[in-house]
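After this come two complexes, each holding chain A, first together with chain B and then together with chain C.
Our next item is the complex of A and B:
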């Protein structure tokens, strides 16, 4: 481990900016929102800011993206396809461990053994990732229950832990080590590991004050979801509150569903677009002939939580599909984010009354 | 920076969002967590607003129709064309159709151009009678033409009543606020013939037969007096005419209410008691399509006034606007009955004031709304239209006969294709402007991307046009226009761009007394008594026409839905919401009519079976869609035009969209 002095941080960011487009959390003063954003003004990087409201998913898997262009020539009956170069070196600075875990889940989906998504790969290829330990949890967080925080375990090039004055730095890759060497960071002594552990332990134990419900029940909920023992009435109750807005999928660091659209342009070219999609939409599973395996809202809701927590789904990610960032709870107009769903499942198990 | 703060432009909720801009194109959207109303939520429409902004279907240059085809012209030629053509047409033969999606600045200027330059008082938005009626009732009753309560304190309200409409579809995030309040312990009741999602989430759902909400509200008021649940102290302190209202109320017979509405007395009593016993109570009703008629709004106002819930913290009557700047458009006087700031157009002193302020002579004759102008004979010759798609459906033949149609729009549509001349305009992401949401919150949206090269904002085109017609207009920015608005409209007198830039909106009245805006109407601060609204004919329409009912036993109503929202002209430019729309369109290519399970089984009608809906003057063939959400005796057709609303409804739509209380007596037959 190494020490990064607070004043060296600027140097590190500048150094990276020579080669990479810089992304990181910034704080919008008027709305008090923390946004993970492309930083054109590097001084806006705010590593002390709360967990950003948006996950960095959009950087690798944009909300709306042209993935290729084609043009059909009616006379020659030829189709010309134009590839779009998506490869662009990007540095993600100050990633929270939940979001880094989310990114690793996306990797499992898009870069699987059988199928590799070349567009995702192009975005992913030249990435420099700097994670940032959460020295305290934020009110919506429950990463300790989903094994995704408060500190990153792998997947980073550099990992930062704020010690109150300076940062402890750990290299997770060769690239990261090279940067450490280039900056000439001072090596931290043997006590560094113990210090980092203490900071993390401290963070974990402060979850107790607000995350008790979730913590104890996510694994039970996983069990119930996997075995399918949850009563249909519970899903109906949840379905009744769903506004079908798709927000839970859009803000989820691991949700990867997308839609493909071909948009005809006036220039008689066609853009092939990839956009975010959500299993909460009825049209998502609708088939020809009005057959919809998931027609009622509750069946669609049910599917999403199955995707986030069931064991069979976890086998694909090698971990739960939920990373405990709590964003779905904050954006949900129906107040049925994942923590509440776990609560309803718990009530069913224990027979507690609702409300 | 790639995420820019802004306000969603779809419905009248005015949620905060971030638009992601890359290379002068909007590439995504994200909710704004710090927004005081939406708190980081968006609905399905809001989550896809960037898709709408991708459309290639832009108008990018002024166009003049020549021999059936449009040819591109310069602004100079286009302005000459308009000034030459309009000179021969007297003001009263011209009408203006504004857009409730335009900013306050654009709508203010459009009104000033219509009244001050063209000298016409025929100016309106489209068929949004509900908003005007709501404003009139509230002005008469309490002096405030909009939401008297605040959404900020909703989670502390004891009692919430939602009347009519389908709020979860029309204004999902306001519905979400109500839902959150309910989950935090507020008592939630819904009055609606349809079993909406809001009704499902409510503790109490009263389902009056179509056309009887008014009657039910009067019944509730009667119960308050019968059970001695009125706050005499409040009535004597804050109301002016409670005695005459109470006398009038005696004519309402509960037995008749029960018979007309089909709701048991116990339920009416239980709701009335809940209302009376709550410390704070709010009522929500939609304006626009599926709004209530003025009589019903008045009955709701009277009920809440009788219960002492107007002008108190955490309480109030909350009309909810369906389109982004519907309220602001009225604030700016885009209506034949209101001058800017709701000054009544029948008041001579207000005209004099306006003449002095605008430094131009104004005509006083009473104007009409565009719908009336187009329905009544050949009273107008010219029409100025801003971004519009709807009016055409009813009046296409009449519109085709006009001598001059000037269309201002960002996107091409069927209305534009009928125009003689088209001016391009910027989209809402391409310029600055303020928008006023249902909650009276005036929010500034800043320019995020550059418009196409030859596209100018509406205010700039109007300014050039006014100058070409000899008026000395000198606006250089929307801020100049807001400065003028703040001098004319008392509610906006304390608003400046400087203030709005550093805040997420301010709720009017924003004036010297309330420099940071006003949360809600307070009886103590109002400075005047509240009035019960006298009904024109108490007890009217309680009895239905028995003869008609015999031949046409079903009551047909229309309504909105998430994806078909706003005539679908907006949604069809998106991808995901369009998919949801098309999915239904494929299943019911010729439209559908919803029928209750009970009626379907009684008549032996199966899902998707073709049926004939027969009204007195016309009939239509549609597919049946069996629904658990509607009452027996009721039929429901979702309101989305063009593809699905057949000719049959076009003829009725003017009445149908007036308000929720309207229904069409029909009979249902199996089609062979």
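Our next item is the complex of A and C:
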């Protein structure tokens, strides 16, 4: 492990900026929220800021993206397909471990399985990832229930832990080590590991006093979701509270459903666009002739929770699909963020029976 | 996998429509060849698979492959139902389309050698079965009895009439047809295809059935076949879902814990029953 002095952080970011487009958490004055964003002004990077409102998934899987362009000439009937170059070096600085875990879920989903998603791969190829240990949880967090925090275990190039004055730095890759060497960071003594462990232990034990909004004892819910032994009334109770707004999918670090649409431009060019989608929308499964196999909203809602917590889906991510960031609970206009749904499933709450 | 046999995953390959045939009202077959010779050469399919077809300036849609993996002309048969399929129906020979695939698991072929085979189709449900029927007839000696039970609303709605005539010329291919209501000049059966299936003397042991058609017909036929004693794991069908990517990423085609585009579209009835969703 190494020491990064607070003053050296600026140096590190500047160095990375020579090669990478820089993303990180910053405080947005207009919305008064912390957002994970492209930093045009590097001084805006704020590693002490709270968990960002949005996860970093948009960097690899943009909300709205042109994946292909083609030109069709009606006269000659010629078609030219143009591949879009999505390869761009990007550095993600200050990722919290839930979001890093979410990103690793997306990696396994888009790059593993039967086929590799080439568009995701292009974004992923040249990433530099710096994670940031949560030395204290935020009110919405429950990563300790989902085994995804408060500190990163793998997947980073560099991992930072704030010790009160400076940062302890650990390299997770060769790329990371090279940067440490280039900056000439001072090696931390043998006591560094114990110090880091203590900081993490402290963070874990402070969940009881700081992370008060959410808890999710997911293992029982996982069993039930996998075996399907959940009363229809429970799904109805959950479905009745869904406004079908899709917000939960959009703020979730692991939700990855998308739509593809060809948009014609004025010229003879067409953009093939891929956009975020949500299984909560009614049109999601609609087929020709208005035949929709998943019409009732509860049919669609249980899909999301199946995706986050069932064992069969976990096999794709090699872990549960929920990383405990608490964002869905924050944005849901109903009261069916994931932690609440877990509670409803565990206790089979159907409205009438109450708690 | 041999790299040349890999499906076309992300970027569509351009193909030219070489021929168009009207099948029934609103359903047309589009014969195509892939423009790049090496791709045309390498394009190999299994019966029951599908492709994602781009109609330029309109969009992309999923469509079954009705041609045999061996010695058959490449084509798709498409019903005009919405935006993209209507745009396809506007095209003429010489026009270009885009192709990704082939995708999906396909019907078993090696595993069912030696069995009797019953095909039951309703309406355009014959499209996804056509490839398998031809493939089996091309290897007729490897199978027991081979039977087609086919029904449609009217005689005008029976697909692939020319192909059926050719198949009937094959020895040992039994065919039974039915239409919903009587028509002048119709000598086949009248009534729903499940009623016809119920009446027929069908083999039961060492028998696999392939059933394709609208959900109502599908459920009624399954009931009859099960009554006769055909096992749930020996009944195959293809499922249809809204599809956007074809490669297991967009999740639109999720059904139960499976994705139709990669785990299907071919399922046994036993699997379908445990998916826990409407088909």
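The rule we apply is simple: the second predicted complex is superposed on the first by the 336 of 355 C-alpha atoms of A that agree within 3 Å, B and C clash if a C-alpha of one lies under 4 Å from a C-alpha of the other, contacts with A are read in each partner's own complex, and residues count from 1 in each chain.
The definition used in the following text is that a contact is a pair of C-beta atoms (placed from the backbone, for glycine too) under 8 Å apart; a residue touches a chain by one contact, two chains touch by 3 or more.
Everything numeric here is computed off the predicted structure, so don't read it as measured data.
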Return fit or clash for chain B versus chain C, each positioned on chain A through the superposition. fit
Give one of first, second, both or neither to describe whether A:119 is in contact with chain B, with chain C, with both, or with none. second
For A:101, decide between first (touching chain B), second (touching chain C), both and neither. neither
If you stack the two complexes on chain A, which partner ends up touching A:72: first (chain B), second (chain C), both, or neither? second
Could you tell me if A:161 is touching chain B, chain C, both of them or neither one (first, second, both, neither)? neither
For A:63, decide between first (touching chain B), second (touching chain C), both and neither. first
Given the touch rule stated above, what does A:330 touch, chain B (first), chain C (second), both, or neither? first
Considering only the touch criterion stated at the top, classify A:222 as touching first (chain B), second (chain C), both, or neither. neither
Answer with first, second, both or neither: which of chain B and chain C does A:313 touch in the superposed model? second
Is A:83 touching the first partner chain B, the second partner chain C, both, or neither of them? second
In whole Å, what is the nearest CA distance you get between chain B and chain C after the fit? 8
Residues of chain A contacting chain B in one complex and chain C in the other: 259, 261, 264, 277, 286
Within their complex, chain B touches chain A through residues 1-3, 5, 16, 18, 20, 27-35, 39-44, 46-47, 50-51, 54, 56, 168, 172-173, 175-176, 179-180, 183, 197, 200-201, 501-504, 562, 575-576, 579-580, 582-583, 587
Per the touch rule, the chain C residues reaching chain A in their complex are 9-12, 14, 54, 56-60, 81-82, 85, 94-96, 98, 240-242, 244-245, 247-252, 254-255, 257, 262, 276-279
Touching chain C in the complex, chain A uses residues 67-68, 70, 72, 77-79, 81, 83, 109-110, 113-119, 228, 256-262, 264, 270, 272, 277, 279, 284-289, 293-294, 299, 303, 306-307, 310, 312-313
Considering only the defined contacts, which chain A positions touch chain B in the complex? 26, 28, 30-33, 35, 37-41, 44, 53-54, 58, 62-65, 240-241, 243-247, 250, 259, 261, 263-266, 273, 275, 277, 281-283, 286, 290, 330-335
